[in-house]
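Naming follows writing order (A, B, C and D), and every chain is counted from residue 1.
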Amino acid sequence: MVLDPQFVWNGIVVGSIISVSALGLTLIFGILNFINIAYGDYMATGAYIAFAVNAQMGLPLVVAIAAGVGGMAAGAVLVDKVVFEHFRTSSPVTLLIVSIGVAFFIRNLIRAVWGPSGNFYDVPIEANPSLFGVRYSVEQVSIIIASLLLLAAVYVLLRRTRIGIAMRAASDDRTLTRIRGVDTERLVLYVWIAGGAIAGLGGIMLGLDAQIRPNMGFTTLIPIFAATILGGIGDPKGAVAGGFAIGILQEVSVVVIPSEYKFAVALAALIIGLLLRPDGLFGEATR
Amino acid sequence: MALLDLLLVVGIIAGVYSLLAIGMNIHWGDTGLLNFAHAAFFAVGAYTSAILTTPVLETGLLAERVVGFDLPVVAGIAAGTVLAAGLGFVIATTSVRLEGDYLAMVTLSSAELVRLVIHNEAWLTTGAQTLKNIPRPLESTVTTLPVSYDLFYFLLVWGLVAVTYLLFERMSSGPFGRVLHAIRENDDVALALGKDVSRFKLKSFAIGAGVAGLAGSLWAHYVYAISPVMFLPSLTFLIWTAVILGGAGSYAGAILGAVVIVVLRQVTRFIPGSVPFADQLPYIRLMFVGVVLVVVLYYRPEGLLGNAQRLQAGTSEGE
Amino acid sequence: MQFEAKNIVSGYGDARILDGVDLSMVDDEMVCIIGPNGAGKSTLLKTIVGIVDTWEGKVEFAGEDITDLPPERVVDHGICYVPQDDNVFADLTIRENLRMGAWAAEDEAWFDFDDRVEAVYEQFPVLRERLSQRAGSLSGGQQQMVAMATALMLDPDLLILDEPSAGLAPKLIDDVFERIAEINDAGTQILMVEQNARRALRESDRGVVLDMGQNHIEGTGQDLLDSEEVTELYLGTT
Amino acid sequence: MVDGRFSRRQVVKTVGVGGIVGLAGCAGSGGSGGGSGDGPIPVGTLAPFSQGLGWVGPNAARGRDVALQSINEETIMGREVEINEQDTETNPQAAVSGFTTLNEAEVVAMLGPSSSVIPNLFQPIRDAQLPTLSVSAGTIQMDDVGGPEEYLWRTVPSDAIAGRAQGQYALSQDFTSMAVTYKNDKGSQSFSASVADYFTGQGGDQAADVPLENNADSYRSEVQEIIDSGADVISMTAGTEVSALFMQNYIQAGTDIPLFLGNDVLTPDFIERVGADVLAESPVFGQAPAPGPAFDQFEQRHRDLHDEAPGTFGAAGYDAMNLIALAAVRGGAADRQTITQNINPVARPDGTEVSTFAEGKSELEAGNEINYQGASNPQNFDQNGDPVGPFSVLEVEDGSWVKLTTFSADELTT
């Protein structure tokens, strides 16, 4: 078996998308401390808002991306105000079940508004240029650059800014953070804004690279969770490493296993990851 | 007559869902385990029973299945139940020590893995194609009787629901159930009582999975044909909604929740095409399911028939 | 500054832990609360700083009502609190922990973070060379130092300590009490709960014995140490 | 979506008119149902309207409504047709309860379900004696099922025939090594297996067999796997969604290996999605039943009614509705048995050729036998209720599918 470098490149693209998405998920988990099943549907919502602006209203893609990211940031806050805020003191398990209800609602709202079938952004489809035998597209290169920029930005946010340090503090110990004078409800608001925006961006990237579908986020949720868990849930650095690992493994796997089992890579990674290393690649237990 | 037929068919579906909900209730209601693999147990029950009771009959290009036994239906149903329980046991052995929401993710992934295998191992399951010609139990006998087959099957399914209900009610209020409740409230308490918590969790998981397998077998033998698209995660989520709606911890509630969900779905079929947003109706219906789930958890977390005090002990962690 | 807690009743869920506690402090005082396990000592501190809801009663500090304030607002009144366990952010570096300590004032014009860090280092010199180390990697004693240093970042008027010596080696206990005395001497009022009651009473201006969620005996530290009842019932034979 | 609402309004109108007539005429008839009386004739549509195949039902329903428009103008012995739509999702549970709901509503015939649930309904359809015309099930699992004894027909040809058309054309172009790739579901597997079977049976090689998982984010690695297999032609079968994504990845890969598409995507909608220019430049082919003479006027009326071109299975829905209505007219009664007995006769090859309900009705009333020539194909049924007819091979030119060559029914069935 020869490993075509094309598979690796494909994996890096998919890995970028998973990393970005996993980052948003893990940020939200860090502070809210529950697994948000609706996260995939946040991604889809971002992608569809951008689709409406780009393909339906005919505005340039850049404007559409801004609208999708901004719209989903606002959307995440709205969902929190309407639903999650009322469950702030509930157990993580209750919140997880609540988020299933939210997911059902959002996904079917998307189907009701935009229909059940797939769509594309208004981007021309053409043969991709190739470099050293690897085909790449402008969108793919943009996705990788954008994800690297975002990852850097989030790193700076979490390490260098006051709000970011407080976010990390709150994900470590919410009560102690309050004792230090931090209004954690406000932090929660910021986290929904950041997490929603990142989800929206992840969804748009996915839509650009693949297709915009109502369940696009839900079906990507397992690889994203796998990445998050492999990297240690709540740990942004781990989420990124896990994202690239899953993305590349998944694409390269078609060389060794039948392609219909490609999806099993993420499933197996998630299961094995949780069973063997519940604390993640970098090992610091957050629970 | 036709209306009676419809009621019987809806009743059979509701009975099958009730069994699923009963199985889920021992996991969640009694033991506090988050099982997101219910669709897989349902599938294993259905496929085991179907494979055991059909010969390898298919001909033509898509006939890839080489396994089939043509055994009596009873053997199929029994094996379906046992194998589903076995799968529950296997999933539980690996993951039952995990915390609640992690367990949810592992079980969800395991269920998807099971579905992927069913979808792709055509030699065993016919893969994406429909596994058809599944026999109905006692069909030739029943047709000689003055009752419709649907009535017979309705009575069969609800008879089994009743038996299962009584068994589980008794188990839940007996010593075994009390240990499960102790585990649900707090692992440490049960440990302190000298109970092997993992073993009880394993048993609970296997028993509930077995009931789901029974439901799968019964369903397969009613609908003639099964295929992997019947076992998507959305089925699991729907059963969750039924259990929470009915009241976690209450078997009567689980049955009531399942019946309410099935009847609601059926009732919306009578909405004429002339109402506004009729094209969006299937989606609005599922949006409604989502709303119900959230609203119940907020206003009546103990569900329609649940016990509020027990619920509080089990699920609110505080800061 | 005048601190006044009157007839405090509070608890968790249905369990009533504090059943009418009174407590008052004046300028520069160091007050120590002692009592058996389950007397409600920690609960009293948590109620004062707003982590536990006050069911009945009133808390005032420097003439202002702080009874129902959430913990993040209590800080604004110059009250800083060091919990017993989990009192540092383990995932954060020491410097980041100190920044969290300064959160409430970091935007204020008068506040100079670097100045304040210097001041804190003078009190806790061990921290200086470990600035970028994760707090979780420190020893228990060092973590206690970080926790106190963090609480001091705002230069509070009232410092509330929950069992500052818990789990520390004897040598370190001396060190901690020495720091506490220094802080008090520098003009910060101190309210603490201590298991190590004899030692704490010796350092304190005044002691309060709490039992069954109520005030039991009150007096100067020395009075309590001399009291036969206190010695017998609450100090044991150590 | 705008199109969905538009079609709905049409149904509402016809149902509304029918409803008033029904109220007036039905007062005494009680439970005797749609088979007799003067009220509207209830006809069912059981199809996926939501979930994975949620596009199938609406497409077929829009085509059906084109037929319905003129049927209700002309009327069947003075009666209109009233549609009862039930969703099967892709799930037997929904299919069984939808079917029972239609049976309870006493529909006299049914535009039938997709291949995902039809095996669940073989027996219930026989039990209910409810004539059913599937408008989308091409699966070869249905090749030996159907006909009047089983109350089952389909208005789309079997994948076996379409597969032969594709295989024959590929061989005629001197391709020797084929990679088959398909959406990993029932329908696409069926089509793909037919193509591969025919191609290898005629001496070709199969270079690769690559299933395309539904809901995948990309098929780049799968495309690469096919390229790496050294095939000189690709046969790709999937619905619109997977096909569009596969096409995108195929075009991006810059390969010049010719590609055959499955039946389901030979629509203007697909060209619009993927891009007319890029499809014209790429060596992409497809095959479709050579449309009957009725297709052009059907397409025009579809555009008039719905403001858009017909989607996949639209013409099949149109044909099924017309066949049901004509069968009732020929038999002189709108009940299940009459319709069942008259489906084959209205499509018999020796009658007068008609392509609309109005034409057929007037010929029948004049006492002539008719041969309904459908919009999707000529609708001549074999003993298993499957239509046989010629197939065309198509390619994209100037934004539409144009015919390259046509294989006759004889060439495809022998």
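What we mean here is this: contacts are C-beta pairs under 8 Å (C-beta built on N, C-alpha and C of every residue); 3 or more make two chains touch, one makes a residue touch a chain.
Quantities reported herein were computed from a predicted structural model and do not represent experimental measurements.
Going only through chains that touch each other, how many steps at minimum separate subunit C from subunit D?
The distance in steps between these two chains is 2.
Given the two chain pairs A-C and A-B, which is bridged by the higher number of C-beta pairs in contact?
When the contacts at A-C and A-B are counted, A-B has more.
Using only Cα atoms to place each chain's centre, name the chain farthest from subunit B.
If we average the C-alpha coordinates per chain, C ends up farthest from subunit B.
Distance from the CA centroid of subunit A to that of subunit D, rounded to the nearest Å?
Here the centre of subunit D sits 39 Å away from the centre of subunit A.
Just the number, please: Cα centre separation of subunit B and subunit C in whole Å.
Whole-Å distance between the two chain centres: 54.
Report the inter-chain centroid distance for subunit A and subunit B in whole angstrom, where each centroid is the mean of the CA atoms.
Averaging C-alpha atoms per chain gives centres 31 Å apart.
Two or more other chains in contact with one residue: find those residues in subunit C.
51
What are the residue numbers in subunit A that touch two or more other chains?
111, 116, 175, 258, 260, 263
At least two partner chains per residue is the criterion; list those residues in subunit B.
Correct list: 119-120, 283, 318-319.
Can you list the subunit D residues touching subunit A in their complex?
1, 4, 50-51, 54-55, 184, 210-213, 215-218, 220-222, 224-225, 228, 240-241, 244-245, 247-248, 251-254, 273-275, 278
Where on subunit B does subunit A make contact in their complex?
34, 94-95, 98-102, 104-106, 108-110, 112-113, 116, 119-120, 237, 240-241, 244, 277, 280, 283-284, 286-287, 289-294, 297-298, 301, 315-319
Which bits of subunit C are touching subunit A when the two form their complex?
The touching residues are 49, 51, 70-72, 75-76, 81, 83, 86-92, 96, 99-101, 103-104, 106, 136, 150, 154.
Write out the stretch or stretches of subunit A touching subunit D in their complex.
For subunit A paired with subunit D, touching residues are 4, 6-7, 10, 13-14, 17, 111, 114-118, 120, 124-128, 130, 135, 137, 206, 209-211, 213, 215-216, 219-220, 251, 254, 258-260, 262-263.
Inside the complex, what are the residues of subunit A that reach subunit C?
162, 165-166, 168-169, 171-173, 175-184, 284
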